[in-house]
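Letters A, B, C and D name the chains as they come in the text, with residue numbers starting at 1 for each one.
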Amino acid sequence: MDFAPNEQQRMSCDAARKFFAREFPPQRLRQVEQEGLAAFLPVYRRMGELGYLGIGIAERDGGAGGDWLDLTLFAEEAGRALLPTLQITSVVLGANALLVLGGAEHRDRVRSLAAGASVIAPAWLEDTDESREQRFATRAEESSAGVTLQGGKRFVAGWDVAQEILVVARRPEEETSWVLVPRTVAGLFSSALRLSSLDTLHDLRFDSVALPKSAELRGAWNTWLDALDGAKIVVAGWAVGAAGAALDMAVAYAKLREQFGRPIGSFQAVQHRLADAAIALERAVAIVRYAAWLRATERAGRREAAMARLVAGRTLRQVAHAAMITHGGYGFMEEFDIQLYFRRARLLEWLIEGPALQQDIIAADQEDDGLRIH
Amino acid sequence: MDFAPNEQQRMSCDAARKFFAREFPPQRLRQVEQEGLAAFLPVYRRMGELGYLGIGIAERDGGAGGDWLDLTLFAEEAGRALLPTLQITSVVLGANALLVLGGAEHRDRVRSLAAGASVIAPAWLEDTDESREQRFATRAEESSAGVTLQGGKRFVAGWDVAQEILVVARRPEEETSWVLVPRTVAGLFSSALRLSSLDTLHDLRFDSVALPKSAELRGAWNTWLDALDGAKIVVAGWAVGAAGAALDMAVAYAKLREQFGRPIGSFQAVQHRLADAAIALERAVAIVRYAAWLRATERAGRREAAMARLVAGRTLRQVAHAAMITHGGYGFMEEFDIQLYFRRARLLEWLIEGPALQQDIIAADQEDDGLRIH
Amino acid sequence: MDFAFTDSQREFRAELREFARAEVTPQLFADMERSGSEYHPEFHARLAARGWIGLQWPAEFGGRELSNLHATIFYEEMEYAFAPISRYRTSVVFVGQSVLAFGSERQKRFFLPRIARGELTGVWMLTEPGAGSDAAAIRLRAEEQGEEWVLDGEKIFTSGAQDADYGMVAARSDPAAPGKTAGISLFLVPLASPGLDIRPIRTIGGWSVNQEFFDGVRVPSWLLLGEKHRGWQAITRYTLNFERAGIARTGTLLRLGDELARLLAGGTSASSRSLRQRLAELRAEIVAARWLGYRVAWLYDQGQVPAAESSMIKVLTAELLERLAELGADILGWAGMVRGREAPLAGRVEFYLRSIWFHLVGGGTPDIQRSIIAQTGLGLPREPAPTSK
Amino acid sequence: MDFAFTDSQREFRAELREFARAEVTPQLFADMERSGSEYHPEFHARLAARGWIGLQWPAEFGGRELSNLHATIFYEEMEYAFAPISRYRTSVVFVGQSVLAFGSERQKRFFLPRIARGELTGVWMLTEPGAGSDAAAIRLRAEEQGEEWVLDGEKIFTSGAQDADYGMVAARSDPAAPGKTAGISLFLVPLASPGLDIRPIRTIGGWSVNQEFFDGVRVPSWLLLGEKHRGWQAITRYTLNFERAGIARTGTLLRLGDELARLLAGGTSASSRSLRQRLAELRAEIVAARWLGYRVAWLYDQGQVPAAESSMIKVLTAELLERLAELGADILGWAGMVRGREAPLAGRVEFYLRSIWFHLVGGGTPDIQRSIIAQTGLGLPREPAPTSK
């Protein structure tokens, strides 16, 4: 067992941190908040060039190599910088799903996604409770020309800069299929939703969208769930990275800001709040990296991915809250950076899958030896 | 609106507080913990003589007069002293249920209960989730001689000093009946359960217990629920009284105990914990008295009784916990009194009805004007 | 002990509700969204026309001589309708009540009727960049020069200063006084005064608060509020308590509770039961807070100014609002993160969560409230003063 | 970064589990209930026979030269079986590890092999009636007289002193030293020493801790542990951290989590889903704490003595134990309040709730841990010292 990052991991993280400090400082984030994801694309493409986007995808598949632990450590750095999560939806979920569903014939697509040259927006949520059951109202029906899509998807991330979407749909025989839909197809309508974080999601409607047969991918439902598991670990990395940055900011502020003739960080109320945040964070980092390692070593890990996702999401919310409170009224000012973290906490708790679903996944684990190791 | 107790309420509370200080100091409570409820009976009988037990029951019905608000204010004093809750089960629930179910023919019984001369133990819980539905496995069947009882009840309070029990049972026609069972009847078996609080409850088993027809009482299910509502408010009073005493003890200790050359009560961590306890308490007292007043004035109040019960139970747990923590290691010592409060907190949260059931009762309230007043 | 409302209170409630039904229109919200302000002058004027501004004041000052309980009922009903009453609060509760409590006869005659008629609104300017939780660490200077005072310095986090008429300003009038709580005075400063520069600071709540720069602002002597150099005593005895009791948002809590219950009413899934249970628990706490709020108002009606209880109701309702908004977001899932009036509950769940800091920190942080409750309410000893460095 | 257990660790775990299955019998619990003690001498002897006491120590002192991770695995498996290892902990972690870290060669040769063979057990005596959270406020005096030290004073809250062999005692050896943390020394005191009176204090946990009265207790000089007058430095650098990291009860948490899951497995009611969700959340936190615990053990294996992390794992696991027991009580309802082995889960839910103070406060209150984490881990400034009165 070795809890220290190895030399290469240390160097990669260091390089990523420097890259984000240079290419994605808070003023850049504020610009993206104002102008939308398009303003992020130059940084995103540069990330593709540097191989950041392709971490966790084998080079033979068009990626940059590295394993899930490398990817998650990188995600921690991205989270620290509050990088938009386009990589998670387009590459970590999108490209990886294409690899397992479509296999070899999508290698070019994957290569383009991993290079940041194109973007795909997976669309799987509908207007129901989150669930891992295959209950979609959106239907893919065979037609003479190919396949016709009917229905709608909600809360699609990355749509504004995507060239295509990957829609999870139900076939008449109750199987699931995944349909590649180009952005410009007829019968596709979108409406924008602005989030607390100032990210924009889209609701999409498919009004008899006609697609060629080749647009439809088939695969086992479990491969999709497995892709979700992988993406969740990366979100969890993002979340603990963001939490770490928020805690650092709060600690720095508490040392600097004086009230009653002393730094506010010398008051027990502030100390204990930040100590609780630090405990939550250390604990979350431990399980997130463990879950990433489990996936990297191809051991079992659905339960652990859910645990990591759940704990990391809760932790970011707690830490961001503690950090905001530490800033007093200044936490409420747009010009202070801490609010950027606070406004993203719930998004990073819900992205890919939300907390109640994680609880269900964990509860469904029937093995009764809590001591088991992998 | 007037939040101050009137002259008579002030005098009664004052008298009760003095009575408990004299007759039921902590060493007496410790004796009851060791020896059981029998050691409490002399105090209980004296309470009967002084009219304390009969508060809230009209004099014509064998009680001592006074309304539900008087009773609840008295309960706060009893709770402060951590008085065993025999009055709640035997009189507030038991005698009142007899009044609404049996009416005039039980007046002597009620008089005796309210005098503390006898004790009845209502028995209604079974081995299922708490619920307000009429789903009992215990059955009362008509026989030639009268009625036969078959089944069992759990967690019966006061059995060790009761002369009879009041068993809620199901008749073959799916109605509910209430059966008076003398302690000494054949076919009745009991087993004791010792609680965290060192109170003793009993599980009872009825093995074809034969009783005369007169032992069976009939009434509307709602009258029983109404009796439970009333008893819950009194438990809530008990709970906020106990919480008040625990908070007082913690504050006194925090002023006295020094560490690091200053009273521990000057540390923010201690101050804020006790401030939170004080907020919880003030809030709980407000709703408990309001619910009692609603009942006293015969306005609606099922929802408010549930709210008061729920908030008061939570509050006692929070306050007792904060008070224990304030005592550090001494909170764990038998010889300190604060542990007496801590060990009773959950009992006073569950007595009559537990928290999840209160949530269900509140949630079932369909009226959609939260601003309504009575 | 009696928890019944009087007939006058019941009728007042009915009147308020009828008014809110008619007057709190979608147009109102559209107006405020356009102006980016929490203040709606026409709506404020309509409240004045009903005689509801300063309703707890003496008739000679334009009031209706009603109780603080009436005022609580007013807040409840207005908040329940989401009516815009922030400026009402700052004018009546912070400024007006302070003038009534410790202002001069001339000040009472000048300010209170104008506030009551809706002609004058006021804001409360205490906080400075270096004086937040340590509110007495005031550096804004007030120097007496003949019949005037001259003010120099800064204030920050003032809501509404951009279009209010008067600011109630705490200033250091005697820098030589021993200890930072001595030598502070209060002034009622016309916000249009020369030398007073008001700059907006954008908040994540979507509206702006202000920073004010005082550069030789001249204030006539009669606008000194309360005793000279003893302003801190007046602030802590009165104003801060008025403020804390006055910003408790029970009506908002009751309304959001109803809205969330309506959202959940349809659901039959197992998860909706657990959400319903969480909501039920919160609603019990909200009703409990409501009755604590009535008790605080009643204490004021008894002539008391209860410091601990005012802090209690402030921190309790702010934290309940946060927990309720969190629950709303949990119920709504992704939709709970969506901004704007097209979102569920007109985006209010998202809005309150995003702007909860305003409620938590406004009127003093939860930490400060808890210290006040512990020291003033429970009598716990203050922290020993640190050794001076 | 690598989270794999070695083959040696896996085999060790299997061996432990097999042992626990065979040796942690109902008879064991019956014995302890009868004796009212958490110590079971025969079971302790069986651990010694396996070579598992001091397994992380050098072979020359009777150890097995295994890692702290092995020790963590040992705790996990034993706790999972509810095996009685309190005295093991006080002997190995508090006393033994301290001797190893800063004891003399003679002390190491004397104590460690005897502890490892199970012939000698020790307890840790720091707290005094006036020195709780302020642990350095030690008043128990140690005076050097020729080849001996003479100890006078009191200790309190010592678990196990009634039948242990040695107490590791912190005493004030130089009352003239400036500041309360200077002039403290540690001694290994035979508990059978004349003049040492040990009296039980009953706890609500059902067992007794002790108060010890030292009346001219004579301790030979060679039993001075560590540097004279610099005991506080050794305590804070080593012993308290060993203690905090050592009392984390991850194995207990994992076991109770499994037990509660089994209880809930049958239920299909809506309320059981919401309880299952709460349990799932807790189990996620427990597994996270488990991996934080491994990291702390690994840090020790790297030769570090991490203060903040040791406090973190202590306070985290104690609070998880409380939350888990609370959840268990919510699941069980009335039955969760019933004492004794006939109650569900052999009464453990009730027991842990009732005795949670032992876990929360033992090794330092949560408040103290948080201050350590804030100051040592986050580098926040200490509270300024109060002006002396």
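Basically, a residue touches a chain if its C-beta (ideal position, glycine included) is under 8 Å from a C-beta of that chain, and two chains touch if they have at least 3 such contacts.
Only a predicted model underlies this, so the values are computations on that prediction, with no experimental measurement involved.
*Asks:* Centre to centre, using CA atoms, which chain is the farthest one from chain D?
*Replies:* Of all the other chains, the one whose centre lies farthest from chain D is C.
*Asks:* Is the number of contacting C-beta pairs greater for B-D or for A-D?
*Replies:* When A-D is set beside B-D, the one with more contacts is A-D.
*Asks:* Measure off the straight-line distance from the CA centroid of chain B to the CA centroid of chain C, and report it in whole Å.
*Replies:* Their C-alpha centroids are separated by 40 Å.
*Asks:* How many angstrom between the C-alpha centroids of chain B and chain A?
*Replies:* From the centre of chain A to the centre of chain B is 51 Å.
*Asks:* Going by the touch rule set out above, which residues of chain C reach two or more other chains?
*Replies:* Those would be 271, 277, 367, 370, 383-384, 386.
*Asks:* Among all residues of chain B, which ones touch two or more of the remaining chains?
*Replies:* 262, 267-270, 272, 356, in rising order.
*Asks:* Within the complex, which stretch of chain B touches chain D?
*Replies:* These residues of chain B touch chain D: 125, 129-130, 154-155, 193-197, 201, 258-262, 264, 267, 269-270, 324-325, 328-329, 331-335, 339, 342-343, 346-347, 350, 354, 356.
*Asks:* Help me check something: in the complex, which residues belonging to chain C touch chain A?
*Replies:* It comes out as residues 127, 130, 132-134, 137, 156-157, 201-205, 269, 271, 329-330, 333-334, 336-340, 343, 350, 353-355, 357-358, 360-362, 365-367, 370, 386, 388.
*Asks:* Can you list the residues on chain B that touch chain A in the complex?
*Replies:* 267-269, 272
*Asks:* Which chain C residues qualify as touching chain D in the complex?
*Replies:* 270-271, 273-274, 277, 383-387, 389
*Asks:* Contact residues on chain C for chain B in the complex?
*Replies:* 1-6, 9-10, 13, 17, 69, 76-77, 80, 251, 254-255, 257-258, 261-262, 265, 276-281, 283-289, 291-292, 294-295, 298-299, 308-309, 312, 315-316, 367, 369-371, 373-375, 377-384
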